[in-house]
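Here chain A shows up in two complexes: once beside chain B, once beside chain C.
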Partner chain A sequence: MENERAREKLIKWAVKSPLTYRLLRPVLDLLTRKNDNEPFKIWVRFLLDAMNNSYARKQPVVWMSAFTPSEIAYGMGYVPFMPEIIASVVTYLGKSKGPIALANAYASSDLCSFHRCALGLVMEDYLPKPDLIISSSYLCEGANKFFHYLASYYRCPHLMVDAPYRGGSAAKKYVADQLKELVDKSSRLLGLVPDMSVMSQALELSNKARAYIAEINRLRRSRPSPFPGSEGLSYLAGMVFYSLGSKWGVDFFKTLHLSLEQKVAKGEGYLPEEKYRLLWLHHIRPYYKNEIFKILEEKKAAVSFEETNYLYWPALEPSKPYESLADKIISNIWAGSLERRVHAIEEMVEEYDIDGVIHFSHWGCRQSCGGAAVVGDVLKQKGLPYIVLPGDGADPDNFSPGQTRTRLEALIEMLG
Partner chain B sequence: MGKRIYAGIDIGSLSSEAVILRENGILGYSVRNTGADPQRVAQECMEEALARANVAKEDVLSIVATGYGRIRVPFADREITEITCHAKGAHFLFPETRTVIDIGGQDSKVITLDERGAVTDFAMNDRCAAGTGRFLEVMATALETKLSELGQRSLEAKKGVPISSMCTVFAESEVISLIAEGKRREEIMRGLHEAISSRVYRMAKKLRVKKEITFTGGVAKNQGIVKVLEVLFKMPVNVPDEPQIVGALGAALYARSAGPRAR
Partner chain C sequence: MQDRLTFKEILQDLAKAQASGEGKPLVGWTCTYLPVEILEAAGLQPYRILPEPSSEKADGYLDPNMCPLVKTNLGKAITGGYSFLSGIIILNTCDGMRRLYDAWRFYCPSPFSFLLDVPKTVTSLSVSYFKERLKELATQVEKHFKVEITTDSLNQAIEEANLTRSLSRRLISLQGRGAPPVKHSELLDLLSLGSRTPRSVFNKALEKMVRVLEGEPAGVSNAYRLLLTGSSLDGSALVRLIEELGGEVTISDICPGTRFVDYVEPSADPLFSLSHAYLHKTACARMFDSESRISALKESLLKSKAQGVVYFSLKFCDPFLYEAPFLEEALRELDIPVLFLEGEYTGRVGGGVRTRVQAFLEMLEKNGK
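Right, the complex of A and B next:
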């Protein structure tokens, strides 16, 4: 018992020490020197750097919900910390069950398991304390309440960006005004003077990354599919959420672009043989150990694209940060009317020459799964096989391997 | 010309079935409880079906396995999901079938199919076994009735007592409370049958249900469910003579259409 307590204390100390992440960097570089997945290695280095900065606390640490533009944090010189992304990493490392179980004692089990995982980590005091929390009203309804609760837990200020249901110039102004207010308020709260040239630089970096994302997405139309959907739903999506506005983002997307360019030139697919091309709907997949992508691989079905990586926003204007980030926010296809999302999905089906569609249904997630039936109706009318795959992104106890296999295999059998 | 004999085996969560098929129809079949060892029951089921069909194992040209335990049948040449196999089997027995309702031990499914018997869409229950064969087994025990009599007795009631819970555990408590309140058992049974059927009906509404509907799986033996489904869907429901073997039959039909295994 004493040993167990000492072990836990040591682990917590290591997790919270910036030194751990600085030491891990050369160790992981050495261990992965033969791994030629350069983009993945950049993701790992990015995470280590983010953790180092978050625990070192040399700059203000600002917790952000995943859909809040990270450019704001980089542009303000804050260290962004995204608990939802960290929860997915913790899940990937097989450590989500404990925090979720702990959070279940305080939160409804209907709450998103990524939020419950993060809550458990908060309660166990594993995460760096926030100086400020920023969240957005889109597209996850639960996120604002979750972050509001965390703000009261940590007794730190909470600022929120509210996005209207419909777009247009009034909506853009409404969001742009809020962003300006957010920058002013957060600077006041944190005792900083905003440097708008740094903000412009962040937007320029975001634009550079965006240009590579556009090229990556174009390359992913190739047959065979050059990039695994399972990775598109993990570190690629993670970098879209977390790194835009930083040099890391440019480096990552540039490297991924180069790698895909080479693969496409050689005609290399990520599967040994590709018979079917699938589209994955929803922003996430289960990150704990599971056989979803192995089953699909056995059936020669590639997840050729994921809607989460759809490039929905126009290039930003560095001289007009508030207006162009407002544009980015109101262009989000998952916020507002479902029609916009459906049109984008139809476009993806066309562009990626999709044979079948999987809509992952993450437990407790209303924003995306609420539209699953409507999306299905539209796709089925086009004669496209479509399944809703119920599961849970973070909680391995809320996953049925047998039923999942049956649904996936039945989809493939429908493809003929 | 060889004997052209094919087999299908369906390893379900509660029961397992094997069907031996010849060009002109079913030669023999067997139905067994799956128990804790699906691999062993697959072997026993196949041996029993072969014995009943009076066929030697060596004469079977190809075997397809289906059901949740399909990946645990070492002697199968191919695995196909029960969704695809139930559609095929139902279409073979009732060629005008365009919708299949399959309620098995722990799963319920609604499947739509085309004129060739190929699946066009499906819906299935999610995670829990509410409204399936296992649910009825537990309720029959709570009502101190044989499972085989549950459906018939439910038809003796003019109206059902509403059952609010579909969780097997909570519904069992609810049934016990209703008995204690003095409600007629037949009315409770009818209420249970209505609750299960409504659940399946709601699932079916996600799809484009077309006639004819064929009801497969062990629960199709329950006349009480059949009658309520006919009322809900406003059309007659086909029930095969042996609804439990439809998945295995579909598997055997796929074995036949694929031809002999590579030797």
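Right, the complex of A and C next:
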């Protein structure tokens, strides 16, 4: 028991020490020197750097919800910390069960397991304390309440961008005015003077990354599919959420673009043989060990694209950061009415020459799963095979391997 | 005895009136952030969409982890239960309601559908923005129903609604002053009917009722006084159970119920007045600022001298489920016991809930609360 406690204490110390991440960097570089997946290596370095900065606390640490544009934090010189993304990394490392079990004592087990995992990590005091929390109100109803509770837990301020349901000039003005207020308020709260030239630089960096994302998405239309959907749903999506507005983002997307360009030029697919092309709906997949992608590979079905990587926002205008970021927020296809998402899905089906669609229904996610039936009926009317795959992104105890296999096999049968 | 009969008669009269809508087109709505005055000013009859819990659930059309109220609403709509409505207005209340709006339009389109975008914050920016959205609603209503909404008709509707609000507050204030002349379960039934009944009919009934009940002397009650808060209740079954087991709900902050606007100022810019008043009303958990909701609850607790809190959340209701630990902590600091219940939209109270309510009341007794 004593030993167990000492071990836990040591692990916690290591997790919370910036030194750990600085030491891990050369070690991982050495261990992965033969791995030619350069984009993945950049993701790992990016994460190590983010953790180092978050625990070193040389700049204000600002916790952000996943759908809040990260450009705001980079533009303000803050260190963004995204607990929902960190929860997915913890799940990937096979460590989500403990924090989720702890959180279940305080929160309903019907709530999003990424939030519960992050809550458990907070309660176990593994995460860097926030100086400020920023969230946005769209897409996920639970996120605001979750972050508001955390603000009360840490006794730190929480600012929110209220994202409207509809676009239009009134909506854009409403968001742009809030973003300006947010910049002013957060600077006052953290005792900093905002430097708008840094904000403009962040928007420029975001634009550079965006241009590569557009090219990456174009390359992914190739047959055979050059990039695995399982990775599109993990580190690629992670970088879209977490890195835009930083040099890391540009570096990552540039490298990924180069790598895909080479693969496409050689006609290389990520599967040994590709018979079907699938589209994955929802922002996430299960991050713990599971056989979903192995089963699909056995059936020669490639996940050619994921809706989470759909490029929905226009290029930003660095001289007009508030209006520009407001545009980004209100053009989100998952916010507002389902028609917008359905149109985007139809476009993806067309562009990626999709044979079948999987909607991963993450338990606890109402915004996406609530539309799964309508999306399915629209696609079925077009004769496209479609399945809902129920599961859980972070909680391995809420995953049924047998049912998952049956559903995937049913999809393959429909594909003929 | 005479008053009890009067109350029952009033409920029966209202039930008859709600179906008629005085011959006006009935427009369904889902959330108390809708200023119904806009519909009334347009000569339409607002009709709160609250399905009977026994209605069919739209399990095949919405994910299993969606709010049961949303599924029941859609189930009733798909099976033709709302075919008498000339239109629906769904609010941007939560993920569930947004998806209800999508599915309703896809599976059983209504002649008029509108989603009213309600901000989550209460600031000068959000009040201005909400006013713009109300203007959009008014324009769409005018266009579809070929009616005109004027400043005068809006102000008249506001004044009539103010009368309802003031009478309702007077009725609510009779709660918890001793043996209640009107039980909370009855009050909830009344307010629920009021949300579907022509205003003039409802106001007359309320006035009659308040006059009679205010004349009654305050009685003595030994029941445990409770505050009920949370998401939409499927009727008043839970409140009746509390009453049956020796508790008394002295005040509630649930929907439908007492979470309504206090007063709207008639003005030269009535849409601004409506925007301001509705965003400043007692907050639902869907709003950003949990603190103002909790502080309003604390005030209600002190006023009503409630000895404990019953917090009910529908399953999968994110705003209330996420807010539960927040509220529980705030009440713990005040040394107020809380009973947290999570349930389906069934209209029945299961054995488990009965036992928990019973145990909660016993705990209050033991603690001498």
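Simple rule for what comes next: the second predicted complex is superposed on the first by the 416 of 416 C-alpha atoms of A that agree within 3 Å, B and C clash if a C-alpha of one lies under 4 Å from a C-alpha of the other, contacts with A are read in each partner's own complex, and residues count from 1 in each chain.
Please note the rule applied: a contact is a pair of C-beta atoms (placed from the backbone, for glycine too) under 8 Å apart; a residue touches a chain by one contact, two chains touch by 3 or more.
Predicted model only: the values in this text are computed from it and were never measured.
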Discussion item. Under the stated touch criterion, which partner chain does A:Ala373 make contact with: chain B (first), chain C (second), both, or neither?
Written reply: both
Item to complete: Would you sort A:Gly402 into first (chain B), second (chain C), both or neither based on which partner it touches?
Response: first
Response to the item:
Per residue count on chain A, the busier partner among chain B and chain C is C
Item to complete: Could you say whether A:Arg22 touches chain B, chain C, both of them, or neither, answering first, second, both or neither?
Response: neither
Worksheet item: Given the touch rule stated above, what does A:Glu413 touch, chain B (first), chain C (second), both, or neither?
Response: first
Fill in: On chain A, positions contacted by chain B and by chain C
373, 390
Worksheet item: Once bound in the complex, which stretches of chain A touch chain B?
Response: 373, 380, 385-387, 390, 398, 400, 402-403, 405-407, 409-410, 413-414, 416
Worksheet item: In their shared complex, at which residues does chain C touch chain A?
Response: 60-67, 70, 92, 94-96, 98-99, 101-103, 106-107, 115, 117, 119-121, 125-126, 128-129, 132-133, 285-286, 288, 290, 313, 315-316, 318-319, 321-326, 329, 342
Worksheet item: Can you list the chain A residues touching chain C in their complex?
Response: 106-108, 110-111, 115, 137, 140-142, 144-146, 148-149, 152, 160, 162, 164-166, 170-171, 174, 177-178, 181, 337-339, 361, 363-367, 369-374, 377, 388, 390
Item to complete: Provide the residue numbers of chain B that touch chain A in the complex, in ascending order.
Response: 68, 71, 79-84, 107, 118-122, 124, 126-127, 206
